[in-house]
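The next part holds the structures, each set out as structure tokens.
The same chain A turns up in both complexes below, where it pairs with chain B and then with chain C.
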Partner chain A sequence: MTAPTTAPPVSPPGERPPGIAHRLAERGIDRVLLLLVPGVVFVVVLFAYPVLYGLQLSFQPEEGGGPFANYERFFGDPYLRDTIWITLRLAVPAALFNVLASIPIAYRMRGAFRGKRVLTTILVVPITLGTVLTAQGLISYLGPAGWFNKILIGIGLTDEPVRLVNNYWGVLFSLIITGFPFAFLLTLSYLSGIDPTLEQAAATLGADRRRRFRHITFPLLAPGLAITFCLTFVLAFSVFPSAYLVGLPQGETRVISIVAYESAFRDTDYPLGSAIAMVMALVMLVVVGLVLVWRSTMYRGATGGKG
Partner chain B sequence: MSVSTEGGAFAELRLDRVRRAFGEHVALRDLELTIKGGEFVALLGPSGCGKSTALNCLAGLLPLSGGQILMDGRRIDTLPPEKRGFGMVFQNYALFPHMSVRRNVAFGLAMRGVARAERIRRVDEVLRLVQLTEHADKFPAQLSGGQQQRVAIARAIVLEPWLVLMDEPLSNLDASLRLEMRNEIRRLHQSLGLTTVYVTHDQEEALALADRLVVLRDGVVQQVGSPEQVYAHPANRYVAGFMGYRNMIPATVSEVDGDLVAVDVGEVTLRGISRDRITENSAVAAIRPSDVSVADREGENTLRGQVEIVEYHGREQAVQARLPGGVPLHVRTRSRLAPGDSVLFHLPPERLLVFGEHS
Partner chain C sequence: MRLVGSPGAWLVWGAVAFFLVNLFGLVLAVVVNSFSVQWFGTWWPNGLTTDYYASAWQDLGLLDVLVVTGQVALAVVALSVLIGVPTAYALARRNFPGKRLVTVLFLLPILLPPMTYGIPLATVLYKFDLAGSVAGVIVANLVPSVPFVVLTMTPFIEQIDPRIEAAARMCGARTLSVFTRVLAPLLVPGILAASILVLVRTVGMFELTFLTAGPGSQTLVVSLYESMFSAGIRAQQAVDAVAVIYTGSMLVLLVIALRFVNPTQLVTRLKEPAP
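Here is the complex of A and B:
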């Protein structure tokens, strides 16, 4: 037992109160914060400033007519306005396909098995190819004189070559090839985070393979799938080179980034180009926002066995 | 809760030369075991002895490499886990983190298509049994370790399964909670009579809970018997070591007379018991630290040793002494000893077990 009643006062005479550096450190303000500086500089210089600059530029139309003239022009002209729909029609199916296709493959590949590294490498290599190489491959494989059509004609399935490049399909294939590795890697890591004994427990409780997936794995994986969808969607929505190379840039793959580019750099109307870029960002935000709202209704805690 | 099990209790479950290999490594070698309905069997051994492999084979989570499992003569090792109707309690509990306690416990009933009203009734009943009624709507992450463990047990037993499999269910709990849950498991087994196979590396847990023990080593059964049999008459030196025979004194056999054996340790002759008709010349004399006592004068079965380490354990002291040959001797005694003392120890012949060195 320590001596009672003679406890010293909170700040005894002769003992100085702690210095300001000490008090700041207790609130988490110390030199370690300097590590954040490069990140903050990066965000301000390369993100915040360009966005704000573009935003104010978009409100200063070249031909006058009030601050919203560029936006009125975009939404008033079907030629410009329809690019939103054209881009969504490419980006949503591509992102959906990538997420859905990565589930069974990642599901099969989450355990350890022989040749896993080789298979993962094969699945992920397209990341390194770049759009141009992918486009070249698509043209030589799926083009009118490509192997695919030669085979189709050779076995007599068709007389005319099937058009799979320089149209909607070419761009969709390109988006899938470049987007799938991201979706797969993300899904694999989310899936690996789910304790496999949870499925074993469900099995001993009488759930067959299908119901184990439906009641256990899928609900735990879904928040991760939502994030995966958002990322691959954003990648696909800003599609630009492949829309030119394997698409029909003046027709069915006239995506929103093409009209933004043409306004700014062909017609040198920077304010209109900026306005279109802002619309593009807004559409992405809306889609991502909707998905995140849906995600917030799901269980998002730990996915280990101990809960 | 009704005592009858859903599919009707079984009379016996027979493991017939059950074998499991992982590549070259044989984790379980020709396990022969018959489990009777209502029995509590513990598989005991250190990690890597094959006990968890055996449990996973029973549950259907691992396919067998050989042999078969028969329930009342009907083969079940070919059935997938969801068709076996066994309940399993996992070492890490494996509770579904996205479901409330109630939904976790109801999961198995829902999978079997039990009607909603019946489901609610049975879940309530089993939650009352494991004293978790007030936590029914919480999520696993909001529960303590012991509560999570009880949910895991409730989830397994609510189906009133033919067989409950428990894989080291207490190993993640702290010492006092482990004792409490051990009582709980024993109580549940006594009141429900569910046939249970329990895997553990803790011999105290196995002795306290089981009707029958199966001691495993490197995938091979060492001994099967009641707690009393295994504790008092370990079949070989390995089982003896596991059952608290901490002292293993190398010795040479000098005389065999039925169960009674005389062995030489240095200059001294010790008398002891050997049950397996010792044939080897070199042997070990095994005795528990608590069976060694301090003698006041030379006599039969006494050895002199130098006290090296003394630990205070309340009523007793745990003493480590060194015998002349350099062999350590562990002793638990009420006598007060100090390091450096030269002490005469008595090893009662009826407590001294002699095993062949390679038994």
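Here is the complex of A and C:
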């Protein structure tokens, strides 16, 4: 049993084998990692722990019953259960619109032209408006006596004011105004990450504008669009203040955040509120998961650009 | 941009113009209403005044609200930089087992909407009697801000050549002076950009503040929401005045932010950690 092959890794004669600190350092573990400690402790204590606490709390219903009583109550009560569909009915069209509308605009804006920075800034400004100001603006601008309805009546498109706030449309508009800039920015940055010479090469080979987009740009852009859709969908699915302010919070736009908030903080039934928050996260994960599975079937190689 | 374009181009720019005109009208409606004596059903209010700013300032105690907003925003910026930058440094410079897990842990609070983790978080903060105070609001707002600093600073630190640090050590610098004389000056632009973005996000963060704030610890957005929600108690113009003050401060912050950060580049850099 003195075969030299089983000896510990090369330690030249006269030197001790490398210490544990040295061996760990070779795998990237050294004192620098201590810098991680505050950040990781912070996320674990203030993010992971509350989420797990909420998950655990959701299995301890206040009114007794089995561990799943809160979930049974949520899915058994149509008034609670239907909030999922109400929210999806708002979030999916809003996210789809935001992504689809940003494609042509970003496509026109990918090159360099005068005033590009100004236009980008103007398109990004709505992010700063925030949901609350947007709601206030929607009420005054799109309301029955607002300028929008006055113009519609003025040019004879309609005789009576169109009802655009305090219903489904108000919330949808608010989701578009706050979500579009975000989707646009993401799409623009994905699009500028695609090497323009690929399209030029296709043009040299005789592809017209439509076919260049269909066969070159779009397939390269699609994975980015999937991510953009996921992010805007998640934002829209958790819509909260605007559903109260420009929607019909007890009816058409009784979204899932409203019931989660009301159960937890108005009725102080924290377990039910946590259970609804978990359902909310689950629905989002399912939709995002579906989109990402679909995305994994797409081309994922280099796009050749700076991105 | 060519002046004579294809029908498609006209359609796209037309739609953009339509969106922007309506957006402008939306903001203008709020601004005009906040200055109007009375505006009901006409094209233009029958008189302009600044009285409602004064009354909003007094009735809502806006000075206190602004002080709280400033305190919260500055504390969140300072703490998230202090916690986030060292983490970003370690993530940028070392490859260690479990790095992916740590990255995902920092991605989740940004990807998940505040409403989902905000409710359990507020429950926990209420349990420890932290909610309802300025400290609770700061803690809640740190949850998305620290990961945001980590994720924006990591690529920034990656692009700083590690040989610069090695060279400083070769010349005999100790860790402290490597940090203060070499790293810190190189990090300043990145920290500045991240801080401004965190500032904008914190001032605009509604959900988390709303869930954790009590009387006396509301920020501007939340008190704007409260004044809108209890509309009817006070004049619509006063609510609009608060809205204008809020938008004005957000616009100033955004203009400052855009001087330091190019929005498209930021997203491109952020894109990388995504799977």
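Note that the second predicted complex is superposed on the first by the 290 of 307 C-alpha atoms of A that agree within 3 Å, B and C clash if a C-alpha of one lies under 4 Å from a C-alpha of the other, contacts with A are read in each partner's own complex, and residues count from 1 in each chain.
The rule we apply is simple: contacts are C-beta pairs under 8 Å (C-beta built on N, C-alpha and C of every residue); 3 or more make two chains touch, one makes a residue touch a chain.
Keep in mind that this is a model prediction, so the values were computed, not measured.
**Student:** Report clash or fit for the pair chain B and chain C bound to chain A in the combined superposed model.
**Tutor:** fit
**Student:** Which partner chains sit in contact with A:Ile105 here, chain B, chain C, both or neither? Use first/second/both/neither.
**Tutor:** second
**Student:** Please name the chain, chain B or chain C, that touches the greater number of residues in chain A.
**Tutor:** C
**Student:** Given the touch rule stated above, what does A:Leu90 touch, chain B (first), chain C (second), both, or neither?
**Tutor:** Once the two structures are laid over each other on A, A:Leu90 reaches no partner at all.
**Student:** Could you look at A:Leu220 and tell me whether it touches chain B, chain C, both or neither (first, second, both, neither)?
**Tutor:** first
**Student:** Which partner does A:Ala201 contact after superposing on A: first (chain B), second (chain C), both, neither?
**Tutor:** Only chain B is touched by A:Ala201; chain C is not.
**Student:** Would you check which partner chain A:Arg211 touches, where first means chain B only, second means chain C only, and both and neither mean what they say?
**Tutor:** So A:Arg211 only meets chain B here.
**Student:** Upon superposition of the two complexes, what minimum C-alpha distance (Å) separates chain B from chain C?
**Tutor:** Distance of closest C-alpha approach: 13 Å.
**Student:** On chain A, what residues does chain B touch that chain C touches as well?
**Tutor:** 306-307
**Student:** Give every residue of chain A touching chain B within the complex, in rising order.
**Tutor:** Interface residues on the chain A side: 195, 197-198, 200-208, 211, 215-216, 219-220, 298-299, 301-307.
**Student:** Can you check the complex and tell me which residues of chain C touch chain A?
**Tutor:** By the definition above, chain C touches chain A via 1, 8-9, 12-13, 15-16, 19-20, 22-23, 25-27, 29-30, 33, 40-41, 43, 82-84, 86-87, 89-91, 93-97, 102, 105-106, 108-109, 111-117, 119-124, 139, 142-143, 146-147, 150, 200, 204, 206-207, 210-211, 221, 224-225, 228-229, 239-240, 243, 246-247, 250-251, 253-254, 258, 263-265, 267-268, 271, 274-275.
**Student:** Given the complex with chain A, which residues does chain B contribute to the contact?
**Tutor:** That would be residues 59-61, 80-82, 84-88, 90, 92-98, 107-108, 111-112, 139-141, 143, 148, 155-156, 159, 165, 172 of chain B.
**Student:** Going by the contact rule at the top, pick out the chain A residues touching chain C in the complex.
**Tutor:** Residues 27-30, 32-33, 35-36, 38-40, 42-44, 46-51, 53-55, 57, 101, 104-105, 108, 113-115, 120-138, 140-142, 145-148, 150, 177, 180, 185-186, 188-190, 192-193, 224, 227, 231, 234-235, 237-238, 240-241, 244-245, 257, 260-261, 264-265, 270, 273-274, 277, 280-281, 284, 292, 306-307 of chain A touch chain C in their complex.
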